[in-house]
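The structures come next, written out as structure tokens.
In what follows, chain A forms one complex with chain B and a second complex with chain C.
Moving on to the complex of A and B:
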């Protein structure tokens, strides 16, 4: 393909950092997601809600490359990433947390974050050019040698990684857990460590999958403050999946509502809250009949 | 996993360039001295060499099975590749010598070249086997490596250049205890430094949660393949060493039984523990000898003592069953001996220290 055939999108700054363009995904006969659209720019704080099984996590998995969309395009920083591997998409600046916490359980809190910090610098995808691939592979093997010989460069890099990871632990209020194995942390701290680890990959967009699950009211309130702070301090775009309405309504500027894989509403929190379809999906249509419409 | 994040415990105040290779500088004279001391004890030398080869195999397999959490069961195949490539090379250069060096030194140069060639051939095989199968998750690697081990054995059995089922004999016996010891030392050093580096952390991360590692930007396939290549390289080296101190190598030395023996060592020592692999390899090398001596002492008059090799596998099996019941994580779990041992000594418990 000639370089001109796929021209870079005009006015790169204005292209959303993360964009889903009528993405559909189908597992056999099951349509898990239909015509899903989304655009996240720097500084956005958006919510993705819906009843159980609505396709929220599926949407996350399509965006991060775990699944390949059946139709439609996913674009990260203006580049079409259909069929890319999750780590390649991550290198473009998209990081996530998991609904069911997936930390590296036997590693210390610090090492969890260091894995992420390091991986970011390790490899950059520059297309499928064979020369670039070869250079990348050679550099990877050279890195092994540097580790084996403990070269000054290696030691300096190691110190730098430790410094970065310590800073992120501090931001997430986990400094006192630095050398503790991740599996020994209390639940709420494990959730925060997952966010610290995601930040370690230096993302531009952060996807949080039910960050408040299992937290008490107090922790949820703290989390709301924290999410806003992260967006401002790291100038991120953030997309949150959450069941807790109070949290989503409290922090998100725009909310997308999914039901059975279809987008049934989108807009500001007040708008979504009073949307007829949303109330139906969440509370059942009987609710409307007995209560005479949305409040 | 280590609680310390400092890369390697290294002596302070040394120039950095020296610090990286300091352990090597210390090890070489020590090994040479050791070699001299045991020169008049051929059986001890032989047994220690076998032990060394087993340690290399176990420690290198631990990089894949322990640190990365993949399950390879064809390590003897890579050992065979190394043994035959190095063996054939040494045979064909048997009569040549480097004129500017004393004969003994020239022999050692050829040995090292042959070993490296064997290691490289094994590493290449590791790459070719690993690339397709490590993309997949779970049991595929086990199946593919199992197949690979058998393929190598069958290929060797049917190739004239490799002496078919009779094997190769007459390979110059240039290996020494010092040479084996040096490679043991090298593989342990490599394993430790990988474990403490960012590569090691990525490998541990893959072992802990592959999906999360991938989502955090770790090129999981790449790391797995590189770990596998390094592991295969050292298996090849071990094979090459083996070929240079046993009188004859034949396909019977590299069967599935040998592969399982190495897996047992790694599991016994604790998946992920380098020192565990070493202890287990030493223990399982000495076990048959101990059994042999025990039977001889009990007066079984040779007949039973000769059968030790046959009853070895059932003993391993029993050992594994007992281990799974009593200590499923292996001897040391993921930890190293110096992290585990203090906890086993009652005096060092909290409150009494």
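Moving on to the complex of A and C:
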């Protein structure tokens, strides 16, 4: 049942595609995340859970470069990315979706995906140093300028991007919405469109922030199948933030539990489910006393 | 009837020039939600660049086709660079600050340019308006009847250049990768960055395009007006801003429609009423439009569907 169980041992020896090394982040006096550790490898399907305000989305924001860690390192594909800009980190192969859907609402479904798509081989990794940034800027300017001159290369690239985006829409079951504005899509489809858009950036690791929020039981079941399929078809590592325990326990091989920014538990679903600290965090300190301690 | 036609032509010619400037306001507002009050003054600097180029080319060369092309290229390229520098060093450091901070900076740059150019030191031109050289010899392109209606060659030219630039811009925004990135940044620049779009560069290029268009418009205006002065940017810029707001700021075709409307109205007021009423009517229309449609003719203020 669990594809993770069949994974061959050498997998463990590869450098993780995404790694957090005792990452802490502090806003003023508030410690939003303390000594956060994480390693995601190709084929992983991990979960990140915790009560509201536990720091899950903050963790996503640190990993993707929205916030800079106060202490500790974030590594993507083996490179330390502290201080890199979000788009540079994305180019290393890290993409995400959002808790509250953040599509480009007035763009069509196709354009939402095309915005994120890059032509094969056009993936350039910039460094954070000035020279690398300058080279990246010149490359961008050159590419955009080519569009004005209607070069054959540009036209071919446009066709390639359209094909790529159409394929992703198809994978996510959204082909029939191709030319509709994103804001007019039903809720569940908007969530899927966000995943399609994230996949457009050709990620190696995908971060899903509450992908099942607002979905009904049936849609959630479909989503579980879909997430596994994405992991296998695109050979991704996936990290999911989710409130729905059934979903997280059902698909994740490893779960990290956050509370008040601290990692209070980590392990396989069964292990985490029966962890005393986790139960306390979710149900309150009194729960165990009144219910006799059994999870 | 002939008179009406004449005014229509003049109004359209004036409107297309406003449109080119208005596009810069609207594009920058689109990506940054910033009203770049320095935009008109960037245009003015562009006209001086064209003026200097014409001067350097000399009386003969500046009138040749290649000379005119060179004048436009220098002015537009120079202004693109100026727009880039302004964005990079004045606005970008304030990106995460409250919007008013950038707005007042824009006004500051506007004044620095329009009054700085009135100085008479070094290459600065001084306060007095100067005659803009006739790089395009005015000739009658079309004459109807006994000079009832006259269409000048520069009118046709500015119409063609303006329409060409607008079509190009529309194509750029809606059909190319840069345009998609620009629209994405305009909806949500944080998400755009997380989807791999280099937002700072998209914004920089938007400024460059807007400033380049302004320089082109400024030259057409100077050719029509046969003069150039440090304060022309404030005036033309304000008019173009009004046009952009009438059309719905942030809306590309809206800016064009607003500008054409403004050009026509001004021409008709001058033609049939009194030239002193021109600005009053122009701003009166702005007030009227905002009263009826606060978002401008094409703008959207309606509550978003939740």
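One rule holds in what follows: the second predicted complex is superposed on the first by the 262 of 295 C-alpha atoms of A that agree within 3 Å, B and C clash if a C-alpha of one lies under 4 Å from a C-alpha of the other, contacts with A are read in each partner's own complex, and residues count from 1 in each chain.
Simple rule for what comes next: a contact is a pair of C-beta atoms (placed from the backbone, for glycine too) under 8 Å apart; a residue touches a chain by one contact, two chains touch by 3 or more.
These figures come from a predicted structure and were not determined experimentally.
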item: Chain A as common anchor, with chain B and chain C clashing or fitting; value: clash
item: If touched residues of chain A are counted for chain B and for chain C, the larger one; value: B
item: Which superposed partner A:66 touches (first chain B, second chain C, both, neither); value: both
item: Chain B versus chain C as contact partner of A:55, first or second or both or neither; value: neither
item: Partner chain in contact with A:237 - chain B first, chain C second, else both or neither; value: neither
item: Contacts of A:144 with chain B and chain C, given as first, second, both or neither; value: both
item: Touching partner for A:108 - first (chain B), second (chain C), both, neither; value: first
item: Partner chain(s) touched by A:181 [first = chain B, second = chain C, both, neither]; value: first
item: Chain B versus chain C as contact partner of A:162, first or second or both or neither; value: first
item: Chain B and chain C footprints on chain A, overlapping residues; value: 64, 66, 85-87, 90-91, 95-96, 98, 102, 104-107, 111, 114-116, 118, 137, 140-141, 143-144, 147-148, 154, 157-158, 161, 197-198, 200-201
item: Contacting residues of chain C [partner chain A, same complex]; value: 168, 172, 175-178, 180-181, 183-184, 187-188, 190-201, 205, 304-305
item: Residue ranges of chain B touching chain A (in the complex, touch as defined); value: 1, 3-5, 7-8, 10, 16-17, 19-21, 189-190, 193-194, 197-202, 204-205, 208-209, 211-220, 222, 226, 230, 334
item: Touching residues on chain A, where the partner in the complex is chain C; value: 64-66, 85-87, 90-91, 95-96, 98, 102, 104-107, 111, 114-116, 118, 136-137, 140-141, 143-144, 147-148, 154, 157-158, 161, 183, 197-198, 200-201
item: Contact footprint of chain B on chain A as seen in their complex; value: 64, 66, 85-87, 90-91, 95-96, 98, 102-108, 110-112, 114-116, 118-120, 122-123, 137, 140-141, 143-144, 147-152, 154-155, 157-158, 161-162, 179, 181, 197-198, 200-201
